[in-house]
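Naming follows writing order (A, B, C and D), and every chain is counted from residue 1.
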Amino acid sequence: MYSFKNDYSEGAYPRILTALMESNLVQEDGYGEDHYSRQAIELIKQKLGQADVDIHLLTGGTQTNLIAISAFLRPHEAAIAASTGHIFTHETGAIEATGHKVIAVETADGKLTTEQLQNVLDFHTDEHMVKPKLVYLSNSTEIGSIYNKEELEQISQFCREKNLILYMDGARLGSALCSSENDLKISDLPILVDAFYIGGTKNGALLGEALVICRDSLKDDFRFHIKQKGALLAKGRLLGVQFLELFRDDLFFDLAMHANKMADMIRDEIRNAGFTFLTHSPSNQIFPILPNSIISELQRKYAFLIWEIIDSGTSAIRLVTSWATKEEAVLEFIDDLKKTIIKL
Amino acid sequence: MYSFKNDYSEGAYPRILTALMESNLVQEDGYGEDHYSRQAIELIKQKLGQADVDIHLLTGGTQTNLIAISAFLRPHEAAIAASTGHIFTHETGAIEATGHKVIAVETADGKLTTEQLQNVLDFHTDEHMVKPKLVYLSNSTEIGSIYNKEELEQISQFCREKNLILYMDGARLGSALCSSENDLKISDLPILVDAFYIGGTKNGALLGEALVICRDSLKDDFRFHIKQKGALLAKGRLLGVQFLELFRDDLFFDLAMHANKMADMIRDEIRNAGFTFLTHSPSNQIFPILPNSIISELQRKYAFLIWEIIDSGTSAIRLVTSWATKEEAVLEFIDDLKKTIIKL
Amino acid sequence: MYSFKNDYSEGAYPRILTALMESNLVQEDGYGEDHYSRQAIELIKQKLGQADVDIHLLTGGTQTNLIAISAFLRPHEAAIAASTGHIFTHETGAIEATGHKVIAVETADGKLTTEQLQNVLDFHTDEHMVKPKLVYLSNSTEIGSIYNKEELEQISQFCREKNLILYMDGARLGSALCSSENDLKISDLPILVDAFYIGGTKNGALLGEALVICRDSLKDDFRFHIKQKGALLAKGRLLGVQFLELFRDDLFFDLAMHANKMADMIRDEIRNAGFTFLTHSPSNQIFPILPNSIISELQRKYAFLIWEIIDSGTSAIRLVTSWATKEEAVLEFIDDLKKTIIKL
Amino acid sequence: MYSFKNDYSEGAYPRILTALMESNLVQEDGYGEDHYSRQAIELIKQKLGQADVDIHLLTGGTQTNLIAISAFLRPHEAAIAASTGHIFTHETGAIEATGHKVIAVETADGKLTTEQLQNVLDFHTDEHMVKPKLVYLSNSTEIGSIYNKEELEQISQFCREKNLILYMDGARLGSALCSSENDLKISDLPILVDAFYIGGTKNGALLGEALVICRDSLKDDFRFHIKQKGALLAKGRLLGVQFLELFRDDLFFDLAMHANKMADMIRDEIRNAGFTFLTHSPSNQIFPILPNSIISELQRKYAFLIWEIIDSGTSAIRLVTSWATKEEAVLEFIDDLKKTIIKL
């Protein structure tokens, strides 16, 4: 059974474990004040082309989202998200648990537009309603789509005009930036958004997300919030060493490139076989719509999620690739798929 | 410069990193549903002699405390802790951030007594005050003391009679249970307390605490709370592999034993030299009171915390040992201490 | 300018003020432990035909909702509400501020159905999502519709089967129960719902809502929650005296009856004139759809809300009547409406 | 049985009820946007000699404290209070329920000093601890003492230098400002503190506290917080009419003066009889220490609280006077006290 269920089925990219081994017995200060974390942060700033950002290394996406959003907002302020957004339904109400409403917007493709944002602002007219204050985007989105530069620029400008905080969930930022359709550079982000995170967990690390705070007014006292939410690791070096390895060279991008390439191979094959997709997803998650008979056959050798029932005979499935996805497994999957199609 | 600052200055016990390496490319389910976590949990249950407990693997002490306490309490209920308790002043108000007051009790030695608990109950008489509901103990305490079996039995019985939840913070449980003065067995804990955690971070793991929930009424839906607080690791295997290694044999205890032995050596030497201690701490943290001149001299080669100013000429320092503390470093420290004493 | 903007434009029904005057200088215990509050609670229990409920007198609807819901739910549990429900968008995120998500359901008429509730349960499958636990109904709803007995029985049975808490917001319960289309008795409520409140503010009181807790497991320690949320009035007598007056005889129902009668008169006239309504609302709020020219003309003499733009030429307005609405004002409004129709 | 239990045993000063009667049927906008509230706020600004403050009318002290403090603080910030402070133990953890720690300081007389505040700042050194940000004072304090101008000026200057928010709980501000020992003017307050409230509930109103926000940065969006916490009354006129009446002339001060005078009469008599007091309380609460035999005798005719057991033979009681305390009752109490003393 080979798994395409997600991009966190394996441990870490081996070079990262090696780095942990090599640094293991060096004595370091705790709580993120070690040399590895400091160096990793400097390296990321260099990649971003921005010295004037604050970077904090955290352990997971939900954790990063809830700490950032609760630190950025006052009690009456709310976040706006696509209804597919991770914070809206897949974080067990983590944002609400910190006191803030998440205002959901139905979208066609998991991406927000300025029109939708304007509608939200228009609806919230007075103090009987929450005050929409933060725009939450995921890139790539939870259904595999990505924002292009123009789209992000429009939203960025809108947020500035309306005094909204623009926050990007980058759990799969690597895959988004390495998509064949992408025209954003990582160095565009500090210019366009107020805060975002660079996802390590789904791109080669054991765990780890690098939160980048760009807007000055959001930076103060941030480490208090990390500690209060139980996210300040005693051995912060664990995160430092990993991000140092990911950004020492282009490993972070190489790994995402590989994941995308694996997804591209499967996507092309399925498209060529005449099937359609639930969403346009030029990243490491794809959602083909297949006859249930083919799905059943594939499930004998492969693990993946049934994403949505389309009709009585077809369903959309989710296939996810990662840095760890083996090319031979992809080729075998393609081969099995072809055989199944022929058989049926 | 050799550090006695804390028990998390190094990475993990090497065998643990090896286990991570060896399991690294096996595909596993996410979010703690991997085979390693399941096995680790089974092993811990065996060590506890209790099949009927729920165990959850989490990443840090503050995180574990806040998730457990907020899951266990209703909004008007409060925790009682020693004023030295970690939740009272060293977690940035993490418990209060989930809505609950921490009622602090001044203690002589960091340990709570039933008399003190009764005083708290007597003071809280009606609905204009919070309802004290959970007793928070640390073992070993933040100042190195430990509970013996009789003390814990008394508190346990008191809590049952008063319908209080008894929770033990075991960030340094290994050191407590391996103290030369200890008469508690790890298998006593599920019988005496309602929930506790076994600290891995300070005893050989990269990170990780195993929360054990003993009382049935506290078990329901606990994974929701873990997810909501951002603590459900996508790669939960990282915790599973580590605890599996710690409890596969007696590694967890062997590591704590080593830490204690290193502390014992230093403690004995300081005592023999005629100095006293701030607290009676038969575990891996010691708090000798030394002339400032000696402290200054030691600071040239060793890192440690100045814990408290005693008077104009003397201060209490904190020395912490761990699984990673080298015996030769301890011997050298002792030697340096002796030389310093002679010199002054 | 006569106002049909809401049902809280005036003070209290005069008899209530008289009762406050007469009781004013009697010394009473504070915090709801006065004789008036106790008597009022006994009287309400008699009207409900239920001795075995707990009743608490509070000052407003949002306050009552947030105290009840936050007291009833554990941190990971959520409320389900119609998207028109007061808690979803008109309480400034009050429920979320206590840590709980509100799951909104789009409805045709402001009323929830068991099918919709089942859909919510089906969607929330595991610990990555909140756990739907409480069903929030308003009766009458925010858009004037009411639940009949069969509808409420179905929801009640569903909630029992699924172990959901059924909570009714009764800000306008008087108007609902006195609607010509109503077949529910106030004594049905303790049998069908787990908790509800009887709205005084919008039915003759200066302020005041009587929260009735029917399910035993929701009763414990409730006064702690009231105090914690800042809702325990020092002079609780203010609420006791008012509810005593409202329920000493049938004043509560008489006032609602009057409000409904005034709405009926306007509704009939508008219907007879050939206009339609945004919703079917047999209570004290009506939402006629009128040409903008007529609306403008009416606005010269009457205050009311523009509720929704229907198209370029017509809008829905909201007209609200109350115990204080004068019949002569209604007749004059009808007369003015007729004249306006003729003119245009 | 005559009650000296508290200053909220009766309803409202009669003139206030008359004003409610007279205004009762005037139609007004809801939620504090009525003419009475606006006028009351203007009047209070005049009394304060400050046009540039924001004033909000709320219903109770705990409510006001929790809304203000939670609106003013970021999640990691804490309030500092005397351990006798109302927010520390008599609000059922209301502040903690909004997520903020209350740091308690033991005081001799219920009053904070700059030395104590400096100690708190010194103790809170880094992000592992909350950040002390708001200083909570009560004037008069919960044990009857008052701040003089010099004391308040010192604290004010200290707070400015340390960038702390200075907040005064004025539940009994009337009594403090009308004390024979007071040298503060109400117009000093906007200059010296960042926010405070003028207590109506304990000084003649049915209910009502006027929160005055002086520091500009604390003013934004405050009505959102009021609504979110369930404190925006539909019939805000109820508060407006009352404060209008209290500040139309000097009624607010006259009522407090009466309360103090009644307390003075009792205090003088008890002092003359040779008894001492638990605290120096030149306001409307006094805490005489009396033999238990005298206390028992007095309890036959008078209601009051036993405040503290002093020793086996004596206790401190609390006697509270108010605008409603009758001089004849005071004279009778004094007479009964004298007789009791003679008898024993």
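One rule holds for everything that comes next: a contact is a pair of C-beta atoms (placed from the backbone, for glycine too) under 8 Å apart; a residue touches a chain by one contact, two chains touch by 3 or more.
Please read all numbers here as calculations on a predicted model, not as lab measurements.
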Chains touching both chain C and chain D: A, B
Comparison of A-B and B-C by number of C-beta pairs in contact, larger one: A-B
For chain B paired with chain D, centre-to-centre distance based on mean C-alpha positions, whole Å: 43
Rounded Å distance, chain B centre to chain C centre (Cα mean): 51
Computed distance of Cα centres, chain B from chain A, in Å: 34
Touching two or more other chains - residue numbers and ranges from chain A: 75-76, 91-93, 97-99, 127-128, 130, 224, 227-228, 232
Chain B - residues contacting chain C, complex: 31, 70-71, 74-76, 98-99, 127-128, 130-131, 221, 223-228, 232
Chain D to chain C touching residues, read off their complex: 2-3, 5-6, 8-12, 14, 17, 20-21, 23-30, 59-67, 91-94, 97, 201-202, 206-207, 224, 227-235, 237-238, 324
Complex contact set, residues of chain B against chain D: 75-76, 78, 89-93, 96-102, 123, 127-130
